[in-house]
Amino acid sequence: MNSRTLFRRIRKSSFFLIGIITVLIIVTLAIISPMIVAHDAYIGDLELRLKEPEGFAGGWEGYILGCDPLGRDVLTRVLIGSRASMLIALTVVGITLVTGTILGLISGYYGGLVDMCLMRLCDILMATPGLLLAVCVVAVLGSNFVNLIIVLSITGWVRYARLVRGNVLAIRNSEYIQASRVLGAGNAHIILTQVLPNITTPLIIQASQQFGNVILIEAGMSFLGVGVPISTPSWGGMISAGREYIATAPWVVIAPGVALMITVLAFNFLGDGLRDVLDPKNKN
Amino acid sequence: MLQKIIRRALATVVVLIGVSIIAFLLVRLAPGDPAKLMLPDTATEETIQAMREKMGTDKPLFIQYLTYMKNVLKGDLGTSYHYNRSCSQLIFSRLPSTAKLAGFGMLLSLCFSIPLGMIAGIKKGSFIDTLSMFFAMIGQSMSHVWLGLMLILIFAVNLKWLPSMGTGTFKHMIMPAIVIGFQFSALATRMVRSGMIDVLQEDYITATRAKGISKFKVYTKYAFKNALLPVVTVVGSQVGAMMSGSMVIETVFSWPGIGSLTTQAIYNRDYQLIQSILLISATIFVVCNLLVDILYTFIDPRISFN
Amino acid sequence: MEDLLKIEDLYVEYRVGGTVAKAINGVDLTIGKGEALGLVGESGAGKTTTALSVLNLLPEKIGFITKGKITFDGRSVLDMSDKEMSGIRGSKISMVFQNPLTSLNPVFTVGHQVEMVLEHHKHLNKKEARAEAVKLFAMVGIPEYRLNDYPHQFSGGMRQRVGIAAALACSPELLIADEPTTALDVTIQAQILEMMKDLQKQYSTSLLMITHNLGIIAELCQKVAIMYGGKIVEYGTVEEVFNHPKHWYTIGLINAIPKLKGERERLESIPGLVANSQDLPGGCSFHPRCRYCTEQCMNEIPATEEVAEGHYVACWNRRT
């Protein structure tokens, strides 16, 4: 595909454009949030407890989205809270993408006993409802960032491994791979130069969709109190803390929920858009 | 075909053994000595040792696993130390409640998503199609917690139409069922839509029209069955998604099912109960998947006789 | 002979995205009662489009009849309501599709796919429809016990028999067969054709046989129409057209058939590719591939002339 067709497809795919622009905005906000927020995300003023949103009446220094039960500015916490979600999602997607791809390559390329064992392991991990397994493991091991990332990674690599394995199996016996074998290419060489470039597109699409998914699971876990530690602002934690005040101070819950939805939506749009752009044949 | 089913069932058994190992190790991995946890802090070293022997935790892991499995197969999942009741009793007393919720949720979402997906697929590119795709996107991106809380805010707090939590009447079930089925309706809408689009391009649809069958009947009978089959294949995996979702949803709506039992077990650090829930949930999930696979071979003639 | 189907000056376009394909560009065609007409041409010449136009079944929002008239049994097909049209499709006009592998619904039994025609048009109940379907299947050589099987359990030839049974279920006045044997083995082809020939005689059905195989035409049809670039370029009785072809395209087609008798010659092929309907050449659309192309051929669309009784040719520089 040359760059011109790529650009044409990008311009035609509104999903991709909306997705990429929103994602860029969210990521930028997450990075610069400590510099732009007007209030302290951790320590509140109890006199401002559950203060109603005042919009732009007080300007940037005011309490645009109101305050939470501890008198902390909701907008500040939503902005700072994005960092936890982004950090976890990025790390988990990175880890699972790499390990899943490597394991999938090994499984698909070598086949045999290795393949069988890995695939059964995948089956076993897929057989336990994702969030349930994650929650149970963290509940036992204790909840902190590292455990959270480990747990989400343990189940996350399976999809990549299966995807890669399937594609490797399809390519492995194709003529051009056999041709390189005849030419004396080694296994590692074939994997790196022939197989890997062929599966990057589905991997990128999968990664972008997993990103949104990890954020959702993390929010669910934080809501249940086994995700991000309560001391760190996170969207799930904020929703959980604001839950009792839903009748009197709904803004405490609405704001992080909207942020969560827009973020996940943006990554899902990006994933669908990427498919339109990179792999139009596979459109459903 | 029978051979295929048997092989599939055997694979399921392997998976279940794997799950039981995970569930078993999970509790053994827990920090701290399980015997100490069962006893007051003032317990002497001898009483702790005696407790270890009683619980069998002084033996090698492999032996412990075998003992555990022997008990599990006898139906003994251990005792929840918080409730001081047998885990299996606790779980099975809560299970019907969750099953009811999930079943109703699935029914609701099918009733909603099948017509929507069909109309969207038939009228591809129309306003309703765009709307359905937008809905499918939102459905994928919405967190259970937040959707639940928003429904409570709108229908319980502001409109006062529905009770915000608890159980008992049909009204109690509506909101949690909508939330538990929401993701599935998004997925199903998407699948029915793309299935419909694909099927309507097939020769046999033109052939059916050439026989004089009306458009309406072609859509609702002859294309419908083809477009719907793929949805059946994901029903199994949705059981898992709903189990995950039920934890959050039942907590939000105070619904007395497996999900809220899990949450309580986690708060109470009731490891034995967590272990048992994990095992039972995985078993149900795997068995549901197996049943759906078998069912599918009967529904889709192309598979059953090949 | 009385006319059963009359197509006059038909134009059809396919519009997808921004591109327009002119699939049919002024087709005139007549089929008499009980007559068998062969429609010959390469893939992309507009044969299937012609057939679908007759049933008014062009793909929605993609295929458009931009001009022309189609009259069936004295009534205009294009002016009929959906309901009237449904009453005619499958009962008075029915169609056998090209690919039996894709033209039967995979998730319904073959029996049902024939019964649905009977239930719809003859208003039979399930039991009566089944009894009638058994007779139809017997006619095309499929035993009764196979009615509850699904299409994938049949071979291609058997599936096409199902297609034919469904098409003949209501003894149609016009049967359109769109390359009914192309997807089949040669031996099966012969069986199917033989069967169609018998059934056509038995029911005195008119037949529109679409094919690119001249042998089939010679065997089954009285009249033949040669189609190129969405136009009929030559039309007449089979005997006349095959013995005295006038259009260079027809001559090319006939020369491309290997001869069994006489000296073995090098097969002649028509140079170039079939005309692209998205970008039709000006003048005679065959001119880029024609060895006898003149200045006039490149610029003016040839008029149709009657060269012998009932033998029409559209060529500026026809063989004399």
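In this document, chain identifiers A, B and C correspond to the written order of the chains, with residue numbering beginning at 1 in each.
Definition applied: a residue touches a chain if its C-beta (ideal position, glycine included) is under 8 Å from a C-beta of that chain, and two chains touch if they have at least 3 such contacts.
Just so we're clear, the structure is a prediction, and the values are computed from it rather than from any experiment.
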* Of the other chains, whose C-alpha centre is the longest way from the centre of chain B? -> C
* Structure fact -> Maximum number of contact pairs occurs between chains A-B
* **Intercentroid distance (Cα basis), chain B paired with chain A, Å** => 22
* If you average the CA atoms of chain B and of chain C, how far apart do the two points sit, in angstrom? -> 53
* Approximately how many whole Å separate the CA-defined centres of chain A and chain C? -> 55
* Multi-chain contact sites of chain B, meaning residues that touch two or more partners -> none
* Asked: Inside the complex, what are the residues of chain B that reach chain C?
  -> 202-215, 222, 225-226, 229, 300-302, 305-306
* Please give the residue numbers of chain C that touch chain B in the complex, ascending. => 52, 55, 57, 82-83, 86-91, 94-95, 97-99, 102-109, 116-117, 120-121, 150, 152-153, 163, 166
* To do: State the interface residues of chain B toward chain A in the complex, per the touch definition above.
  => 11, 14-16, 18-19, 22, 26-27, 29-31, 137-138, 140-146, 149-150, 152-153, 157, 190, 194, 240-241, 243-245, 247-248, 251-252, 262-263, 265-267, 269, 271, 274-275, 277-278, 281-282, 285-286, 289
* To do: Sort out for me which residues of chain A touch chain B in the complex.
  => 120-121, 123-124, 127-133, 135-137, 139-142, 212, 216, 219-220, 223-226, 236, 239-240, 243, 246-247, 250, 253-254, 257, 260-261, 264-265, 268-269, 272, 284
